[in-house]
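The letters A, B, C, D, E and F name the chains in turn, as written, and every chain counts its residues from 1.
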Amino acid sequence: MTQFTHLDASGAARMVDVSEKEPTARTAVASGVLRTTAEVVGLLGSDTLPKGDALATARIAGIMAAKRTWELVPLCHPIALSSVKVDLVLGDAEVRITATVRTTDRTGVEMEALTAVSVAGLTLHDMVKAVDPAASLDAVRVERKEGGKTGLWERK
Amino acid sequence: MTQFTHLDASGAARMVDVSEKEPTARTAVASGVLRTTAEVVGLLGSDTLPKGDALATARIAGIMAAKRTWELVPLCHPIALSSVKVDLVLGDAEVRITATVRTTDRTGVEMEALTAVSVAGLTLHDMVKAVDPAASLDAVRVERKEGGKTGLWERK
Amino acid sequence: MTQFTHLDASGAARMVDVSEKEPTARTAVASGVLRTTAEVVGLLGSDTLPKGDALATARIAGIMAAKRTWELVPLCHPIALSSVKVDLVLGDAEVRITATVRTTDRTGVEMEALTAVSVAGLTLHDMVKAVDPAASLDAVRVERKEGGKTGLWERK
Amino acid sequence: MTQFTHLDASGAARMVDVSEKEPTARTAVASGVLRTTAEVVGLLGSDTLPKGDALATARIAGIMAAKRTWELVPLCHPIALSSVKVDLVLGDAEVRITATVRTTDRTGVEMEALTAVSVAGLTLHDMVKAVDPAASLDAVRVERKEGGKTGLWERK
Amino acid sequence: MTQFTHLDASGAARMVDVSEKEPTARTAVASGVLRTTAEVVGLLGSDTLPKGDALATARIAGIMAAKRTWELVPLCHPIALSSVKVDLVLGDAEVRITATVRTTDRTGVEMEALTAVSVAGLTLHDMVKAVDPAASLDAVRVERKEGGKTGLWERK
Amino acid sequence: MTQFTHLDASGAARMVDVSEKEPTARTAVASGVLRTTAEVVGLLGSDTLPKGDALATARIAGIMAAKRTWELVPLCHPIALSSVKVDLVLGDAEVRITATVRTTDRTGVEMEALTAVSVAGLTLHDMVKAVDPAASLDAVRVERKEGGKTGLWERK
């Protein structure tokens, strides 16, 4: 029967044992999109030139949050991240967020990539909320992960 | 001209000055939805009975994250939260997340409510990822906020 | 019927609403005891003279942990502490720990005092573990609390 | 002469050098007991069925705290934990707490297991304090540790 | 006799009691300077145009660290900051850092301003260390503080 | 052309990829000096005998901060530190601070050593500020680093 690995037979939460796994190179890419208004996108910059620190703030917040994933998500393992990259692309009325995270460890980094996207998105929410309180963070999801026993997974 | 309050005239990021504001009672409600599969929802519980600690873990992660919003979102003020509540409702192939946060302070708590929703959503992502790697966190947004100078705002 | 205030009617965890409470001066005193060996107590110091930084390390760890109680205990409110004091008294084969915490806020500080005692005790455990792996932290409990609607409570 | 490894020859606190040690598999088990009342145990659940999120909250708080041991205990090394499990067993008028922690690293994890027990205990204290302010956390101690140069140690 | 307020009569560290103080508006300004090379300053930008996120990263790191001062400096009180501003000015072979912090609380914010300067400086150190390993952070000090019982203090 | 490794070709901040690097033994030594008054140095102790916990508090704060460098400096990697030592030497009107940090990891630890020095210095600032508000933290810089591809670097 299928069951969540984060719960034991009685249903109690636990941090699953990865001590038998080998440390291997692993990569995860996650994405999301902050839907807002054309006016807000104009305030953030043109597609080639940011206006002020708004995008940098979101980028840095995403990177810093990736490192703290295990403090936020109760059953995540502490992982030594090898790299974190957060890309922000301005659209017509949205900002597309992509995070790429790498490690050489015993467990995957898709949660770290998802956390980077979410906190970059929250930081954009914070930046724009006085102008667009109706903004929405959408489609926070894994695009691709690689490495470890399960190998490559890509969103279709 | 419209401008982000989080940036000064030169575009530099700053934590805006709220010292002139009065502490008043403020409430914010945010929501989001984790889209997954019917199988996953079945593993999480029926609509009246959770199976094990999965939902409790997400609820607690959301509450704890709300308190740490100012550590995650660079330009947020530290705020003394008076209450945090995270509700999870199982649908057919999704989990609906709602967070309600209250304070008596100089600034609003919509970022705290959005953070609670996001981290509860990330925790559900983590719980279900082995069964459904394609899950997506959608529509993380403010539903309602109340209190302070701007008064009531409700999503239409 | 008696019920935990930290759970709602359905049993879900929540951070209870204290927004209707008045900020008042509150004090809590908690205590505990690390039971170890006479040899370890000799290494820690005589009752008037500590040897090196061992006791200072425990004292400081307790003070710092009191400030982070709300990060550790999921349903605790963030509280602005006005003072924290951790006293360590060497006995024959034990160290007695007492923490006193004060605030002017909407909720009591007994959890902060208990956390200071526990983390000071853990730090002593860490200091002595190579010499006495069998040490035990006992009787971590509230001695007295004062202020707020419930007024004075003292251990009998 | 016996001396604490956490202090140098002059008595100054330091984080001891483990760089010469080999990373090996290590396990530690710690335990403790929250002494309270039969009424409180009844509110927490029967021995087979918890009532609401109370026990889950303590379990998750203990797991999360284990990961942050090095932030709380000043001279502990940051360790990559492989697994954490917190078990709570209801007795007549007490809750028995056991934590099991594993790692593959250069130093043992008994402090992580003790921290998990302490913070799970603090969280139970917080849950029950309105009903039983006199509750006491007792006998927080190592039961067993394994791995590394010193090998197996078990409480007699 | 003069004595540190952070130590009690026996010399033990404590967090001093501020519960009798009134919350009042307080401001502190601190400064520091990262001495590096003309080449590094050229890489950071001209005096009117930063190149990339380097300065934004330092600014944001300083702001975020100000909020966490009480986690870093053991005897500091947790304080609700009303605003934080970090200014970076490029010189010939140095970067001048100024931080301004405001609060309405029971104790001053000079430690928060000094922490913002230090961590902004550390972040610049990190940015430039591959090009200039010999960089030095100098003259981290209070320039001015205002508010509270002691009133205005200005560096002469 | 010379460029900061922390910025990509477009100038965006990133955490650089160290996954191709081998974990090797690395050491870094950093130093700094708190310039204050002869009176303050007298309150801190003689050169052989500290008075109370003041120096211990700074030493412990420095050690604890070294472990949290990656939380403070946005683009630093999380590193498993093998040892941290903070030495404080009293001069005539100054305190000399030296931190030595070791790891076996993929990247150097000079930022960890610099952070230990800075936070020990901030803690001394905090301790003395009521007596000497004009104190200044100077010359926070790397003295020596060793290990990794670049090998030994020493300040001339």
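Side notes on the structure shown:
The rule we apply is simple: a contact is a pair of C-beta atoms (placed from the backbone, for glycine too) under 8 Å apart; a residue touches a chain by one contact, two chains touch by 3 or more.
All values reported here derive from a predicted model rather than from experimental measurement.
With contact taken as defined at the outset, chain C and chain F are each touched by D, E. Copies chain C and chain D of the same chain sequence form an interface built mainly from equivalent positions, shared numbers / all numbers used being over half. At the far end from chain A, in terms of centres built from Cα atoms, lies C. Between the Cα centres of chain B and chain E there is a gap of 31 Å. Put simply, the C-alpha centre of chain D and that of chain E have 36 angstrom between them. With touch defined as above, residues shared between interfaces to two or more other chains in chain A number as follows: 12-13, 53, 56-57, 59-61, 64, 68, 74-75, 78, 80. A list of each chain pair in contact follows: A-B, A-D, A-E, A-F, B-C, B-D, B-E, C-D, C-E, C-F, D-F, E-F.
Partner chain A is touched in their complex by these residues of chain B: 2-7, 10-13, 32, 39, 43, 51-54, 56-57, 60-61, 64-65, 68, 72-76, 110-111, 114-115, 118-119, 121-123, 125-131, 133-142, 145, 153, 155. The part of chain C that touches chain E in the complex is made up of residues 25, 56, 59-60, 63-64, 66-68, 78, 80-87, 102-104.
Residues of chain E touching chain C in their complex: 8, 12-19, 70-71, 74-75, 77-80, 105-106. Chain B meets chain D in the complex at residues 53, 56-57, 59-61, 64.
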